[in-house]
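Look for subunit A in each of the two complexes below; its partner is subunit B in the first and subunit C in the second.
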Partner chain A sequence: MRFTITREKLQEGLAAVAASIPAKTTLPVLANILVETTEKGIRLSGTDLDIAVSTEISADVETGGAITIPAKKLSEIARELPPAPVRVASSGEQRVTLDCGRAHFRLLGLPRDEFPSFPSIKFSESWRVRSGELQKLISHTAFAVSTEESRPILNGVLWELRPDMMRMVATNGHRLAKMQVPIKSSGMPSADLIVPPKALEQIRRLFPADEELEIARGENHLGFRSPFTAVYTRLIEGPYPNYEQVIPKDNDKVAIADKAALTSALKRMSVIASDQTHRIRMSFNAGMAKFSVQTPDLGDAQDELAVRFTGDPLDIGFNASYLLEILRFIPTDEVRMTFRAPERAATLEPEQWSDPAQYLCLVMPLRLVD
Partner chain B sequence: MPRISVLPSAVADQIAAGEVVERPASVVKELVENALDAGATSIDIAVDDGGRARIRVSDDGSGMDREDAVLALSRHATSKIRKASDLVGIGSFGFRGEALPAICSVSRMDVETAPADGAGTRVEAAAGTVASVSDAARRRGTTITVSSLFYNAPARLKFMRGARSEWRAIVDTLTLVALARRDVRITVTHDGAPALTLPPASSWRARVAALWGAAAAEKLVDVDDVAGPIRVEGLVESPQDVGTGTRRIFLAVNGRAIRDPGLVRAAEAAYRSTIPAGLRPTLLLSLTLPGSDVDVNVHPAKAEVRFRDRWPVERAVEGAVRRALGTMDAAATIGVRSWWSERGDDLPAPVPLGVESLRDTGRAEPGPLFAEAVGVAELEAVADPRPPAPDPPPLEIPPLTQWRRTYICFEHEQGMVLIDQHSAHERVLFERFMGVLERGESPAQRLLFPLTLHLGPAESEAFDANRELLERLGFEIEGFGGHTLIVRAVPMPHPRFDPERCLRDTLDALTGDRLASGAARHEKLAATVACKAAIKAGEALSLDEMRALFAALAGTTLPAHDVHGRATIVRIGWDELERRFGRR
Partner chain C sequence: MSVAEQRAFFKSIRDRQFAPVYYVHGEDDYLKEDAVKQLVAAVVDPATRDFNLEIRRGNEIDAGTLASLLDTPPMMADRRMVVVRDVASLKKDARAALDRYLARPSADTVVALVTTGEAKADKKLESAAGISVCFDPLGDDRVPKWIEHQAKELGTTIGERAVALLHETVGNDLPALHAELDKLASYATGREIDESAVTAIVGVRHGETLGDLLDAVLDRDAARAIELLPHVLEQPKTNAVTVTMALATQMLAVAWARALRDRGTPMGQMYNELFGLLKESGGAFTGRSWGDAVKAWTRGVERWTTPQLDRALSLLLATDCALKESRLSSDEQALATLVLSLCGLASQRSAAA
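Then we have the complex of A and B:
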């Protein structure tokens, strides 16, 4: 294998793949990047066995071939190279040399056969989605996944693909985020996929917003592909809990509040809220939301905020950090909250959002102690 | 000038008469106490045949002049008090002036004494009658030899036990003296063979090591505490060692060894939740309190005292022991001791800045995806401007690392320290749950997707029995007919809490349990839930979680032990490491 590549292209390719290289691994070859020649250039691939990323970059190929090279060292070298074309050549299965300007490196790699093969996914049957839409769904929902190992299903984001729309849902059992956007029908069948958020983060990071992605499903895997870059991820086995059933339909108390003002009031209350539960109390009455918090051994605090409230007065307890977290993703200046009773789910939504997307978050209350 | 005077009979009557001389051990006790009263710094005791043949006690105390030496053998002759009011706050062991006459009346007694080196006196007596008084040159001090005890009292003679058992009683007696007066050199020989050699000791620990060996001393934790006018010092067994060796009890009040079941109970109460019920710790405690607060003259052998106000004394003992267990050397390494002593009270202190629950930051690939989320980091930033608490001083958390996903390790001035993450968390949660059970309801997080549990008959029964308490802890549960439970809300003691597993394991552990009493039931439940809810060994912790656990542990009342009495903290001293590396 022998090729020449610009320093910038090499750096760009390595940056795309580097995030998929595990920091610690028991399988030495996973610390390496697979470098293969293609018709147009070279392909760089890395994987931690859960997620695989591969990207193609242009290069002048003299002789075809493949080898794996220690990822960390290769990235460090690429960063320090002088601004000159980089010549890479392998000799035998394990040795590789790299020349740039007058700098010369020899590295010990591993044979390409040791590198795990990527899941076989046929992109002949694929959904087509604009990357920007996908990024929007990911960034508004993935935060809500559970990080606990007790219910692995909740560690993933539910991605529902329908002929005319797609939707993502994530929850940890205490709060839930759900967003859907309309899509152009691709003629593909509907699907429910549960995707690890780590993979979604790669998707969000790697593809430019205006790129159209092909998405196809293998047996337990999902593949995302643009003309140059592909991401593969393991899927989490379903079924996902029936979230529709827990979305309240009869919440009859509505409060509309200024998002920034609500956020700062909640932050003020959080100072005194307990470290374990962040519990605060909210009391809604015509035109006013009252906040209070009381933590044994620490103290108490109160605050008030003018809101537009309709319905019977209500006292309800929440984990303030759940509310604050959701408020960060509410895309409008005002937030609409609905309630039914102190033990029932509350909803938070953008108010007056002129966007084809629909966004809804749920929070389960905390028991109040009197 | 004779110092001994015969007490007026009114005073004599006020003093409880009693059986002073029961057995050889009581003779040893009286003679040794007299030596101590005489200011001896060194006492040699020689015993033959378990004391049945001969007891000799020599001291280097004040000695007596001839007149006193003779007078000492007559009833109610004492140099220690003159009138009844002197009894209040008495500092000497003796005050009745009846020990020597009582002993003398049932034995042959030989007193050799000199108030200064050189000319002294020898008094020989038998059956209470002085037979001869003669000159005897000797060093300053007194040697009293009692032989043929009870030779003239056949009824008493019959009741003496074998030499071994009398010897054991003598050893017990001398042990009490040795603990009460660590400053005095004591040697004991039995049938001519040295049995105990106790050099003057600067500390309790040194005296204990001389008495029972270094290993026994290592199992003990220092107690040293002052509550108002009451000072409590000594050594108590560290919880993980309770039950592993002989149990020993020693109580002293103002230097006088006493029995007092009430104080023992108070000290034992301090062990609550650190040792299994039924095990009893070794307790060596010495109380110092104003003489006017104790009455020593309630027992013929002076083995009991009466406190003017018993309650504060018991509280002081319990508090001192509790703090000692909580602040064991090991615990001191997490900064607890200094913090407590600065606070100077035993209230469960509010945990200082930097204490959070076990939080989950940094565990879920904190990539840019989550950077936008309101992280704990931000909440913390908000939390920072907490009014700087004037006290307690902020807890300093050293750099922590996790080993084996089980131990949180850090460096300390005196060595390396390991905290068992599960035990430590269990302790933290136990105290929190106890607080919830005793003071009120815990917050409960309602669930979007209620949990369904199917129970066996035994677990259902355990659930029915504990339902109300579980509810208080934050589990909101509906019975759903048969053995099915629907859990609608759960406590969230830490972000990794797995409520379903915790509830299941708890009910499983509670099956077949019949605890009637409220407090015991609270403890059992809190301990069980804490054990099941705590993070396990083998779980990787983020730095924030380790710091939070460290701080929370420092905030507990008994950080050094988990609810089973196992150590939560182990320290390996630099000297130990240096020894192993051959550096010394």
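Then we have the complex of A and C:
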């Protein structure tokens, strides 16, 4: 194998694949990147066996071939190379040399045969989705997944594909984020997929917003493909809990607040809130939301914010961190909050959002100690 | 173990009158796990289980997370449940958060605090819990009832002789008993599990157990012991080493009882003395129920002399060493030699007499 590539292209390809390389592994070849020559250049691939990323970049190929090269060292070398074409050549199955300007490197790789094969997925039957729509769903929901290993289903994002819309839902049992966007009918059957958030993060990062992606399902894997890049991920098996059942439909108290002002007030209260529970009290009545926090051995704080509130007055406790996290993803200047009772779930939605997407977050309150 | 505590625990599940806090402790992890499973199934609505059930380990949860879990109301359900396993390993600040909650527990959250292994009961948690329940290992007298109950739970019934055979074969190992019962329930397909089912599935018949082999050796019945040996070695979880271990326990116990007898302890006290020895030893491998073992050993005291017992123990040690050496060609052959030698010791005594 022998090819020449620009330093920038090499760096770009390595950056795309590097995130799929495990930091620690008991299988040495997984710490390597597979480099293969193609008709148009070279293909770089990496995997941690849960997620696999493969990307094609242009290069001048003199002799075809394939080898695996230690990913971390190759990335470090690429970062430090001078601005000149990089000549890569392999000799035998395990040795590779890199020459750039007057710099010369010799690396010990591993044979291509040791690299695991990617999941077999047929893209002939695939959903077609615009990457930007997918990125919007991912960035507004994936933050809410559970990191608790005892409930693996909640470690994934539910992705519901329907003929006319797609929806993503994530929850950790204390907060939930749900977004749906309309899509053009693809003629493909409906599907419910539970996808690890790490894979979705790769999708969000790797594919430009205006690109159309082909998405296809294998036996227990999902593949995303654009003309140059492909991502494969293991799916989480099992039925996702019936999230609709926990979304309140009868919340009868509504508060509409300025998102930035609400965020600021919550941040101020967080300073005095307990480091453990971040518990704050919010008291709503006509036209006003009062915030208060009292932490033994530290002190107390109060604040007020003008809101548009309808319904009976309400005192409710929240983990301020959960509220602040959700507010980060509300795409409008104002946020609409709904409540029923101090021990019932509250919802947060964008107010006056002109986007065709629908977005709702749910947050569980905390009991007020007094 | 307090039977009253356990009754109160299971009554609360049956009546669905849950205490806000349960403290589940004791040495039998299997029974504790089973009890918590039953509690979870009764407390949490299956439809919202993923949102209203939190199971954490004490050493893995920080104070903030624990406080949040305890202070979150149920999500579209009547109740929520928090299970803290290995509660003794909670870090100091997490324990403080738990103590604060226990002072004023919530009515719509059920908390189960579970100890691991042989952790000593925490008096403070015992008194703070609405229901504190201890699950220590079941004694011989309770295992047969437990087997019957488990069979019922599996949707079947089991005959008295089948219970005895299963108990004799598997002993008091509840997870192993449950696994065998599970297989037996599938095999019986709705019929009562009888002795023939145990013979077919567990692979043991009445009169062919390890206990029977131990009795044959103790009774110096070489022909019977040799006849039993291959059947016993075919049984699950039985091999030459476990048979040697059971024989060694038996001979040591008889030797110990012989010494007591020689010092003038009346035979009438021997059963209790031997039972006390077993309790003290804790994990001695008897190869059968404690009750059966102690009865047999008591019977053997008058049949074996001290020199014979010393020689028997030497033979057992030699066999044990031989079994652990890889050059031995046949474990069964080594055991057969041992059994014949042990029975022969007794014959020599008979001949001498």
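Keep in mind that, in the parts below, the second predicted complex is superposed on the first by the 370 of 370 C-alpha atoms of A that agree within 3 Å, B and C clash if a C-alpha of one lies under 4 Å from a C-alpha of the other, contacts with A are read in each partner's own complex, and residues count from 1 in each chain.
The definition used in the following text is that a contact is a pair of C-beta atoms (placed from the backbone, for glycine too) under 8 Å apart; a residue touches a chain by one contact, two chains touch by 3 or more.
Computed from a predicted structure; not experimentally measured.
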| item | value |
| --- | --- |
| Superposition on subunit A - do subunit B and subunit C clash or fit | clash |
| Partner chain(s) touched by A:E343 [first = subunit B, second = subunit C, both, neither] | both |
| Which superposed partner A:I153 touches (first subunit B, second subunit C, both, neither) | second |
| Touched partner set for A:V246, first subunit B, second subunit C, both or neither | both |
| Touching partner for A:P197 - first (subunit B), second (subunit C), both, neither | first |
| Winner by number of subunit A residues touched, once subunit B and subunit C are compared | B |
| Partner chain in contact with A:P365 - subunit B first, subunit C second, else both or neither | both |
| Partner chain in contact with A:K267 - subunit B first, subunit C second, else both or neither | first |
| Partner chain(s) touched by A:R279 [first = subunit B, second = subunit C, both, neither] | both |
| Interface residues of subunit A shared between complexes with subunit B and subunit C | 148, 150, 171, 173-174, 241, 246, 274-279, 317, 319, 343, 345, 364-367 |
| Subunit A-facing residues of subunit B, complex | 348, 350-351, 355-357, 360, 363-365, 367-370, 372-374, 376, 378-379, 382-383, 385-386, 439-441, 443-449, 474, 476, 488-489, 492-496, 498, 500-501, 548 |
| Subunit A-facing residues of subunit C, complex | 47-52, 54-56, 62-64, 67-68, 71-76, 93, 97, 106, 108 |
| Footprint of subunit B on subunit A - complex, ascending | 19, 138-139, 142-143, 145, 147-148, 150, 171, 173-176, 197-198, 200-201, 204-205, 241, 243, 246, 267, 270-271, 274-279, 296-298, 317, 319, 321, 324-325, 327-329, 343, 345, 362, 364-367, 369 |
| In the complex, subunit A residues that touch subunit C | 148, 150-151, 153-154, 171, 173-174, 241-242, 245-246, 248, 274-279, 317, 319, 343-345, 364-367 |
